[in-house]
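Below you'll find the structures, each written out as structure tokens.
Two complexes follow with chain A in common, the first pairing it with chain B and the second with chain C.
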Partner chain A sequence: MPPPPRRGAGMSLATYLSRTRGNRETAERIGLQDVLAYGYLVLGVLVILVPVLWTLFSSIKSERAVDSFDTRVLPIAQVETMVDGRSKPVWSWTAEDGTQRLVTKAGPTRKITDVATLEAPDQVFQVPKEALAPHEELRIATENYLDPILKRNGQETFNFLTYLGNSVFVTVAATLITLLINAMAAFALSKYRFRGRLTFTLLIVATLLIPASIILVSLFFVVWSFGIFGSLWGVIIPAAATPTGVFLLRQYMLTIPDELLEAARMDAASEWRIFWRIIIPLSLPALSVLAILSVIWRWNDFLWPLIVLISDPGKHTLQLGLTQFAGEFNSDFHYILAMTVVTLIPITLVFVWLQRFITTGIATTGLK
Partner chain B sequence: MTPAGILMTALGLLWGLGGTVWLLRHRSYTAAQVPRFLMDLLGFPVELAQSVFGRGGVPYALLLPNMLIFGLFTFAPMILNVYVSMTGGPSIALFDRPYVGWDKYAGLFDCENLLVPKTCSNAGYNFWTGMYNTLWFVAIQVPVMVGAALLTALVVNRNIRGRGFWRAMFFYPVMLSPVVIANIWNWVLHRKGALNAALGDTTEAMTALAGLAGFDIAATVILAVVLMVVTLRSLGPDAPPLAWSFVFAALLAALVTWANPLSLIGRDGSGWLGVGLGLLLLWIVAQGHAARPALYAAAAVSAILLLSIQFDAVFAFDRYRPVNWLVTPKTGWAFFWLVFVFCWSHMGFYMLILLAGLQAIPADLYEAAKMDATSPFRAFRRITLPLVMPTLTVVVVLSLIRSFQIFDEVYLLTGGGPGRETFMVVQNIYEVAFASDKPDYGQAAAGSILMAVVIAVFTFLQLWLTRRQSDL
Partner chain C sequence: MTHALDLRQIRKSFGPVDVIHGIDLAIGEGEFVVFVGPSGCGKSTLLRLIAGLDDPTSGDILLQGRRVNGVPASERGLSMVFQSYALYPHMSVRQNLSFGLENLRMPKAEIAQRIEAAAKMLQIDHLLARRPGQLSGGQRQRVAIGRAIVREPVIFLFDEPLSNLDAELRLQMRVEISDLHAKLGNTMIYVTHDQIEAMTMADRIVVLRGGRIEQIGAPLDLYNHPANKFVAGFIGAPQMNFLRGQLADGVLRTDCGLVRDVPFAGAGKVTLGIRPEAVGVSLHGHGDVGHGDEVIRVENYEQLGAVTYIYGAFANGEKLTVQHAHQIPLRRGQEVGVRFPTEAFHLFGEDDKALERTR
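Right, the complex of A and B next:
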């Protein structure tokens, strides 16, 4: 049974609320430095999150609200109704005696505007402009998302499922190839002594210092002569071997004891089976860091796919499709915003799910 | 089908069929061992190498696919670049290109004055405009981003609650693709977008607030009280605490900006004067010698400024006119937002690396410094900075190479505009080779090689300057 608290020895409320660590004897109060630190962090997170959240909230607003740059956070939309087969906004008209009625405009907006009630669209009468206010409701505009995805309302150009399929294919195939061949190279460099090991290591370091954008032009020639220009493989293969991946895996494999390999060799296992059965399972932590890095690189890749795949809309990745879409429909912000959100959701979910793993993994291993 | 394509297909067939035959002849598999068979087939070249050359052949077979890709898609293009840059014409068959010698380079250097792109030929104009813009961008963006990353890493490295959360939040934009980032910021920075709306509302609110009766008196009194408290705090019993001095310096800067003393002699720029004075004060306090007199002097100056402020003038704002951030030429806003968005989206990554470097510093060094009553600033300069220097060097080199290659963000946000204000060198290469009706691959390759030379010079200069601290 715990002893009853001694009177007078309790921490004062202010100390309790403002301590940063320690028990009541060693409690440290929040100093000005802490206030500044938290202030900086909160400000930084606001700068990072507000644009993203603003995009998210804007993407569920109706076309009319987006086009008029309504800066309210909630998706408030003006109610629309069908008059003579055309969709018209509904206004709430406050008569002089204070009664309110729903009307639609029957002509251009002037000081005295022609309106008609919803019940009797043919009976046009005149009211002053000031007596009209938009009749609004809270509505999530799902059509922003559904129109391009289901190809309704003339939105045939954004083949979301094709783009998604291409992006997923490129990301998955490239990541699997990268993992396999980088692990093989790392295995050779970490567990064998052979002539030329230093040369190979230095060659791989050298590729770390060759920026991708200065070999664009001649890489185009090489990829063309291999006949993979214009196909998804032209995006997957050239960047499949990554120096970062080789070094990350090599550092990790160096910590695997050689005795395990010797024991397997005693049992007459072939070198490939040793790699597959011992090295791969034991390097899983490093492999998963590389897998995450590779997924980020490939999912977000832009310039090289732009060069290789741009001429064939059926081969566009999600990033390219979104660029083309935003370029074509420069003014249809509500669709662009919705598709932007759709594009950022997969990577955000991966991040939320694996964030601790990603940040610690990259901080300890991933330099590039 | 190209010869290389036929070769690839043949290799694939040889691997699949030949491997199957070889494996089935050398080993026996039961029906349940199909996965094992597939695994062996995947590593067939390695198995073959082991059975032909013994164990000594295995590492070469293991390295083969990786080095093949590096060789074909990194080293070969590197060398091909030189060849392509000496050929002309639009042909994409490598050996069908006429040799033109150094013509393409001569085209780039065909200038009256290399420092003024306008005096160059057309190709030279585009290239050097891009190059100088890129150099400007790198010169501004790298220090800003590395500074912000270091500051953030230092703050996150403190003993704070929810460190994982803050770390993840700052890293989040790194995960977003350039297209998503560009769309988000285009939406925010639109002429009628959220930023302009927020700025307009703030201006209106401030004007309305300043219009209230007695506001100027109340504001003066509040400011005076705050200033007094902060002055007392920063002149604490022993050494002036740096955090309070920081707040004091910030207040001083704000005061100088508001009181606008330079307007007496008909000049602008009081804001810069204020920032300069604040930084000077901080520097003196951090040095520790003349901290007290400096603080007293600053307090006296503040008191005089405070009395001289005419609040009705200070809070008289014009009506806010929305700025077309990314489109209006000759304002520098497009360039500013480019730097900002680039830092926004990449800072988290470098922050993580710096954070790892900071956490590797042994804590007992700081304990010892605390015992000796070392000021936090001194501890930072004498312990943190030297020990984090190797990581910092890596970060600077990486971000230098990265921001030299900026393309995605510019292309999607501004397209190089307004005019050519944000036109970068990679965009020039891309447009010359891939986005024009008459692609000039030779010209683009020559540009790439010049760019590679510039990057190499900068990287080695940087590594040489910090050769003692680097661990690259």
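Right, the complex of A and C next:
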């Protein structure tokens, strides 16, 4: 008789997702704790997932469906046709004898409305309002995506590739600089003994208490006087040193045994080499966490880039670019939604890629 | 001749706490020196000062005649085996061994050659691709030693390298390290709290207590001629017996009732030291225990087959341990005769220093 499969080993996704609390005997029953735990987890998933899914589904709806706050999940849109060079919605008219014909409205909607058939747009006749129903089809509104990206339909000012390039540059450069200088600061604060080490650490952490908006004006003057106002470096450099990052990395590096560093010193390694060959590889899990955080911060950052880059549209990031669709009197929500989805893609990929390192990193740090 | 290592008036304090109180020590080329002492005696601190991982508060450290105070550990050309092995967990065994050589910008071919040689000598050549996490305790120990060997250092430093191994493996590694010293001929400094390791491996033992050197000497010198009561008690297992007494005009009277002419000069309160194996057990007739010089009551005993340990007490309560080289029938509470041969006596004065023999 083959041995029963071991719990936890080689488990399929379905078994994994339907696990219950308790040992082999009691696991069959679904207890109160299981219900509460799954309820809590499902709630959490919904809270996080629903807005994203709503954005995703709404972004493929037609402009008319988005503007009319159509609450149906699927992208059902009223068919439109060109009449006299104008796009008009198509209605389905049910005549008294039960036949259906496609018409467009030739005037305002009244109790008795003027309509014309698609075949003969000049022959206007009158039908009761009740006999008209929107002629709908299931259609993915690719123009929401393609118009801004390909600069069609009056979206010439939205330079998608420029914004994407700027966003990628800011995010990558800022994240690399953040990782490097935060790791160096954390290395010093965790592995070197000097007077005021704890004071420095506390000071750095204490800056977390100051909201960014409070130092906005002084930061503006600093950036201005360094001559990097209006350039991407003005966005990258001021935010490179993050107290969260220093603290996170320091706490992690404290767990790296001093003996490893001493062994490296006995191995004739310079302090710089110890940093690169011992500290950085062993801090990979914490660095991955910080990298994810930093990418999210930089990618989604809006206020500071807005201040620094406002005057030069050629330097706008994606998040700034999105504001073009929001005007004073009307907003192109279908474009905003579509471009929001586009901006979510890179950050999701980064997360999927980096989270591997978090788990593998933890697995390799067992010293003994 | 220049020594491999010279320590001159080395002092070290951590804040207000003095850990090392002025140590002078010269270690010759190719010597195997063991620092031994109870925990907190400063032996590891002394090793770290030599390694350059800490700086002495005052005093000079000379490596082959060159003063190296302030020279960082990475530039002293020494290598060290740590108690926790301190292998780089993210590197393979091969990378662990090559890391130090790469730091010295050695040509790749020579690195490979040295690693092969060291791995073969330590029998870890089949493990080179593994990570430290995939090795057993003994294998990690070998890799740690290998990492020290490939550097071909002026001096090997060992900081209690065997204390994480089980008893059997410890015995085996002890022999291997001794063999290694014989093979390589490098100077080695070995720190341990285990006097058996010190006795078995050392050319010379340095006994430390409270940041001071108590005695330096070859293992048997320390065993046979301890300079003071501390060394006498520390070296040798089971511990030397100490009995309180008075010395006057060459006559020793111990509190437990022994009166004996002894070849020691001096007078006043003394402590008689005698090793457990030097104490004779009186046997009468058919292997029965009878009466000798003195009588102890057996409180406990251990029969190990080859030797028998008797833990007894005199009538005045003073304890005596006896090591007997044969099997004898014993029971608790029984009285046993014990003999004290005068030639095995060590006498320590009130200052715990050993008294000189007069003949």
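As a convention for this text, the second predicted complex is superposed on the first by the 266 of 368 C-alpha atoms of A that agree within 3 Å, B and C clash if a C-alpha of one lies under 4 Å from a C-alpha of the other, contacts with A are read in each partner's own complex, and residues count from 1 in each chain.
Throughout what follows, a contact is a pair of C-beta atoms (placed from the backbone, for glycine too) under 8 Å apart; a residue touches a chain by one contact, two chains touch by 3 or more.
Given the structure is predicted, the values throughout are model-derived calculations rather than measurements.
Taking chain A as the reference, the larger set of touched residues comes from B, when chain B and chain C are compared. Within the superposed three-chain model, A:L337 lies in touch with chain B and out of touch with chain C [touch as defined at top]. In the superposition on chain A, contact of A:E259 is made with chain C only, not with chain B. Of the two partner chains placed around the shared chain by superposition, chain C is the only one that A:P281 touches, whereas chain B remains out of contact. By the touch criterion defined above, A:A268 reaches chain C but does not reach chain B.
Once the two complexes are overlaid on the shared chain, A:T348 sits against chain B while remaining clear of chain C. Judged by the touch definition given at the top, the superposed model places A:A120 against neither chain B nor chain C.
Looking at the shared chain after the overlay, A:P51 reaches chain B, while chain C stays out of its contact range. Residue overlap on chain A between the chain B contacts of one complex and the chain C contacts of the other covers 270, 273, 364, 367-368.
Those residues of chain B that touch chain A in the shared complex are 1-5, 8, 39-40, 42-43, 46-47, 50, 55-56, 58-60, 62-63, 65-67, 69-70, 72-78, 80-81, 83-84, 92, 94, 151-152, 155-156, 158-161, 164, 166-180, 183-185, 187-188, 190, 192-194, 197-198, 233, 241, 243-244, 246-247, 344, 349, 352-353, 355-356, 376, 394, 398, 401, 404-405, 407-408, 412, 426, 429-430, 433-434, 441, 444-445, 448-449, 451-452, 455, 459.
Listed in rising order, the residues of chain C touching chain A in the complex are 51-53, 72-75, 77-80, 82-90, 99-100, 103-104, 131, 133, 147, 151, 157.
On chain A, the positions that touch chain C within their shared complex are 257, 259-260, 262-270, 273, 277-278, 281-282, 364-368. Interface of chain A with chain B (complex): residues 20-21, 31-34, 36-38, 40-41, 44-45, 47-49, 51-52, 54-55, 58, 69, 71, 180-182, 184-185, 187-189, 192, 194, 197, 200, 203-204, 207, 209-228, 237-241, 246, 270-273, 275-276, 296, 299-300, 302-303, 307, 319, 322-323, 326, 333, 336-337, 340, 343-344, 347-348, 350-351, 355-356, 358-359, 362-364, 367-368.
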